[in-house]
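Quick one: the structure is below, and I'll ask about it shortly.
Every chain is named by a letter (A, B, C, D and E) in the order it is written, and numbering of its residues begins at 1.
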């Protein structure tokens, strides 16, 4: 057997490796550093890793070579299994930024009176003496940091994956730590555990579909490599029913991850049950990573098969938006509402994804679908992580108070925090002068350019519905007259960590709303996916 | 496929023997009913009632099982690597050292946190 | 080599797993059905690898095993926690999260 | 390359296959009977007894007599048992035990009834993996047997047994990696061939040692026979089994002994190659049916070691046993693999600067030392024992000693040395 | 001076004012925020006047500023004024201080700085809307006006305001999102035609297919019809005016809603001339329905603020009718109408506000005989009311007549129906006056005071303007006519009737 020695482009993938190394180091720290010093070491280590990776990503971004046709920059490395191109680097960048935000939320200890939002001892049964002991002794799971780093590693690998196998592995690397993180809430542990169980079972189920899709597509193309699959699709070499079924199953797996209808069922439960810092991190990170992967898969591997998946995406996008928007209206819990709104956002993002066109069909300087989706992901991430950070602040005697009833009149009691939250909501609703508006504009534009006007119309209608439920929250916070009955939540003063996250979120949302130019240019500069 | 046919033959022979033994033991031996004999053996005392579903195991066993899975998987990767090592040479060495080190990280964690302690 | 039989078998296994996930109520059984799905995929991968005469599928099968193992580890941990709390592994009992 | 080298296999006509299969089956059954007898004799010798000597010459038929006796015993199925699983478990335990032998090479190609065929039922590119896989199925038999009995002893015995087997299987599997590294194959016949000059047992001593230890743990033999520790668990997982079903478990255990011995022979002691360079002086030693002699000689050597250990060592405590497997064997095996790979890499590839390799090895060694010995003292980090609530319906268990389970060795006993009693015969 | 960014300053002043005011201490009874806000609004007025002084009628877009904003979308920060924009800008900068003075105590007991800050923000966005010459910029500020408006309605006003605010916002955003679709469509069209750009000047040269043009027109028109409001998208109007404070209502109806008609002129006609003609029958019909239906609804109201709100529905019908009659009289009349309606309705709202503040109720059935107790109030109310019904000599008469001419020109029955609107207007105004001001005074309001000085200061300028423009509308027409001419030329309609005799006043562009 002839054996070609593999080569690995360490210079281009080192941020990825840094994340992995930091995760592993985190585990070692967990093993060898005394308990009382772990928190500090872990947070510093994780932060240092994220910053290092971010710096690396920026450096690499500056050095990517422009490929032959000028559409794409970057290279395919590690024996064809990773593609380090413009979109990858862009996605890495925003994933790392949001992970930093997530990390700050993870590290917040002031809200719970000196402990983190995670269970003191996950193994202790809820409501038992052991649990009380764990909490009086101030135990906490610092394992969440390595877990998070592993998840970030998976998130970075996911959009970079250039073959189906890497894609699958990345999918799992990103999912598995999140399953665990979801079940680690300090308060409402039953809820949290249940969320973890649901997330896990449904996630495993969908990855089963995904994997079978991988197998079928492999059966069709005889290769896992995107380029080879594309070649096979173009030449129509194999059994095309294998391809279609496989494509559908792959889509199921990815659409599950992004939370698109009809595979969105986990989203509200998990968003609600998971510890809020995790929710924020997950809502931003997973979606970014999964959309990156989705686009690369569909554009690069199945680009020639566009006519068979675009209609499917049309239907799914419309369905997702409708489901997300309509169900969000009837929610009475802030986290669930945000979850459904994130489903609706998935629909909007899909609207951008399906707006792909050949380079020749675009005029000079026109917004491309990649650019639009990348930008939308950026705005979405800032708004989501900021909004969930605000949710962590609003508390009553039982911890976080996420039910609507508790939020009544919050705007009068804490106008600043309520105002910031309202601002995030307005951004999500897509009101001009916020980032969300520009993002929406971009994805709708590309969809309309690609002729998907029914989807755009549906999206507009859903936006109207969406505005309603966002505004309802603002009404609830600011304009509900009369004294609320029952206990109401108040805003706990956070430490600098959460405060910084919220402020950065607000600032970014505002700046991206008023001056989106630089980021849009950056996204345009990222170019197309390398093939 | 011919490589596996003999295995099947041997398995069939063994299975025939084993099943035959089980069946035979039901017929050959004597059968004298005795209520106490059909109870679970607990050194002569009344057997403790068993919860439905076969009772619960200590969590330790799960941990062992999980650890086993981790290492078994590691072995799965080590075998092909070992067989092809001559072709992989130094590259293979480096990659595998990284791989083993990674597993070792988890291993050290489990060890330090008391996952390998048995009472 | 004709691989239709293998693919059909894997399809059947996959369907069994899928139906199991959808109909069974015990979390562990659901989980086992998921594993069945993964292994059905493995079978298909290996069969296709044989058909195409390259090793990609087999390598993939290896990785799938790893992933499946990791999933087992994570999944069992989660299911056990729930089981210890509720004394039940039924997914129907996990119903605190609703609309 | 595998396909070429395995060309000798898979060409047998059907009756040769049948004959070879039957032969293996018969040999295994006979070997079991012999081993039981031999064990009893040897242990008896060690204990200054005579052992079975009534039935047949030297009591050789004693085992057979026992078997027949077992068959005539009442076949009990406890009422708490899960009947079908209870019946199935011994079958599951026994069948894999036989099957593993199908890839063990007994000798080179011979002329069998006019057909040229290797003295090996079959071989495959992944033969050793096959052995490991099939052997693992046997564990199911034990777990299911323990679980289906519906008895606490059985359940715990079965669990312990399986925990023990899988623990030592890891070490065993790791020990084999070095062999594959040197043999470049997992096919048993090729591994044997690769040991034409030098046995792996000699150049890969740590692997060999680990393997031998692991194989004893794997087969639940003394000093690792905890699942059947009579003092604690009565009969372990087969407490509730009787008659031939019990015999099947017994059979499986002894075949497993033979299997792991045969595997050890194959992988480390040159398989059917004649020992001590006999073939240097006698060219025919490695041809024809002679290798059978060497092969069984080596297998019986291992069996003897089993017996010897049983006769001389006390049983380990369970925590010591698990700790030994997880905390010693596995890390050592892993380190050894890296070392072997490094050495192999050096010998293959002269282009690498050895200095770097040495530095690398040194660094690795330091890392491992740090990992295992720096923090070894402060075990305080082990999670505090979580008090599990007593719920109605749980097993009534006696309260734990204050401060948790007692750990570590007991204080050495001291006796007043007024008079010494000369040890008499047992 | 031409390089000086006058328009940016015009927008920036109230915006800065809003920020400053918002962060002033909100101690109860503090007048500082009010004074600061008023100061900023007066400053804005000054800037507005300065712009007007430099404005050269007949020179098309002036004081233009163009900066690239979002390159990827072809979006520019582009401002400029023509006659249409200028008039509306002046109306805005004029009304805001008036509203501030009139609403001096409206927000007491609530978050005072917020009220004034939001109002200033609203002014800033509104000015930006009228000055924008980039569709995207227009859209952004168009939507952005909703936020301050929403908070003004939802935060200040009467019981049930939060629902009214929500209804307002949902309607407006719904319209806005439809507009968004159309704006996006414009991008696609312009991208297909070459490189994407949102500049009005670029877009006017883009060739688009009839289908595209019509669809985009529909999108724009729906949004503007919600804004304006036009039947059947008007239902938010009455609720909003009823619940909001009169000051807010002035800002909404007299300034914000003008964006709708402004948009029709500038964008519907400017960008989609063929489609505008294609849609004329429908739009005209809707406008007529609005005129008559609005008037009937107004007659039936028992709430003064609702009533005034609904009169606006009728008036906006007139404006729309004038626009879509496609004649210079119609268009000029509409532009004039926008200004005059702004002034007249503002006066009505403010005086009604005074009344309601005194009476504590807005129900007509509970108010009676006010003119005995507060003759000045009643008198001013009558003047404003008469202006609304189009009494000759007051400003609205001129615009109404122009629109009427255009309507009869368009088709005789259109004119007939429109005339009905005037008749009905007489009914609701006079009947309103009769019911509230005349008759026996209600017991219990003996202590009712007449207007104080502050209140007079707010209303008198409006009254003066009503009278001034009633007799001398030329400055307004001078400003409007060049715009109208270019627009009609663009649409491709040539007047067969002589234009309004304004040509010889072209040089006088002073007010």
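Keep in mind that, in the parts below, contacts are C-beta pairs under 8 Å (C-beta built on N, C-alpha and C of every residue); 3 or more make two chains touch, one makes a residue touch a chain.
Chain identities (UniProt): A = NADH-quinone oxidoreductase subunit N; B = NADH-quinone oxidoreductase subunit A; C = NADH-quinone oxidoreductase subunit K; D = NADH-quinone oxidoreductase subunit H; E = NADH-quinone oxidoreductase subunit M.
These figures come from a predicted structure and were not determined experimentally.
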item: Chain pair that, of all pairs, has the most C-beta pairs in contact; value: B-D
item: Chain separated most widely from chain C, comparing mean CA positions; value: E
item: Chain B-chain E separation of Cα centroids, rounded to whole Å; value: 82
item: Separation of chain B from chain D, taking each centre as the mean of its C-alpha atoms, in whole Å; value: 13
item: Centroid spacing, where centroids are CA-atom means, of chain A and chain B in whole angstrom; value: 39
item: Chain A and chain E: spacing of chain centres that average the CA atoms, whole Å; value: 44
item: Per-residue overlap in chain B, given as positions that touch at least 2 other chains; value: 59, 65, 72, 84, 89, 101, 108, 111-113
item: Chain C residues counted as touching two or more neighbouring chains; value: 66, 77
item: Touching residues on chain C, where the partner in the complex is chain A; value: 7, 10, 14, 17-18, 21, 27, 30-31, 34, 37-38, 40-42, 44-45, 47-49, 51-52, 54, 56-57, 59-60, 63-64, 66-67, 70-71, 74-75, 77-79, 81-82, 84-86, 91, 94-97, 99
item: For the chain E and chain A complex, residues of the former touching the latter; value: 68-74, 139-144, 146-147, 150-151, 154-155, 159, 161-162, 165-166, 169-170, 173-174, 177-178, 180-181, 183-185, 187-188, 191-196
item: Residues of chain D touching chain B in the complex; value: 6, 9-12, 17-18, 20-22, 24-25, 71-80, 87, 90-91, 94-95, 97-99, 101-103, 121-124, 129, 147, 149-155, 159, 163, 166-167, 169-170, 173-174, 176-178, 180-181, 184-186, 234, 239-240, 243-245, 247-248, 318-319, 322-323, 326-327, 330-331, 334, 337-338, 341-342, 344-345, 348-349, 352, 360, 364, 367, 371, 375, 379, 381-383, 393-396, 404-405, 407
item: Residues of chain A that touch chain E when the two form their complex; value: 362-367, 371, 426, 429-433, 437-438, 440-442, 444-445, 448-449, 456-457, 460, 463-464, 467-468, 471-472, 475, 478-481, 515-517, 520-521, 524
item: Interfacial residue positions of chain A with respect to chain B in the complex; value: 1, 3, 5-6, 24, 27-28, 30-32, 123
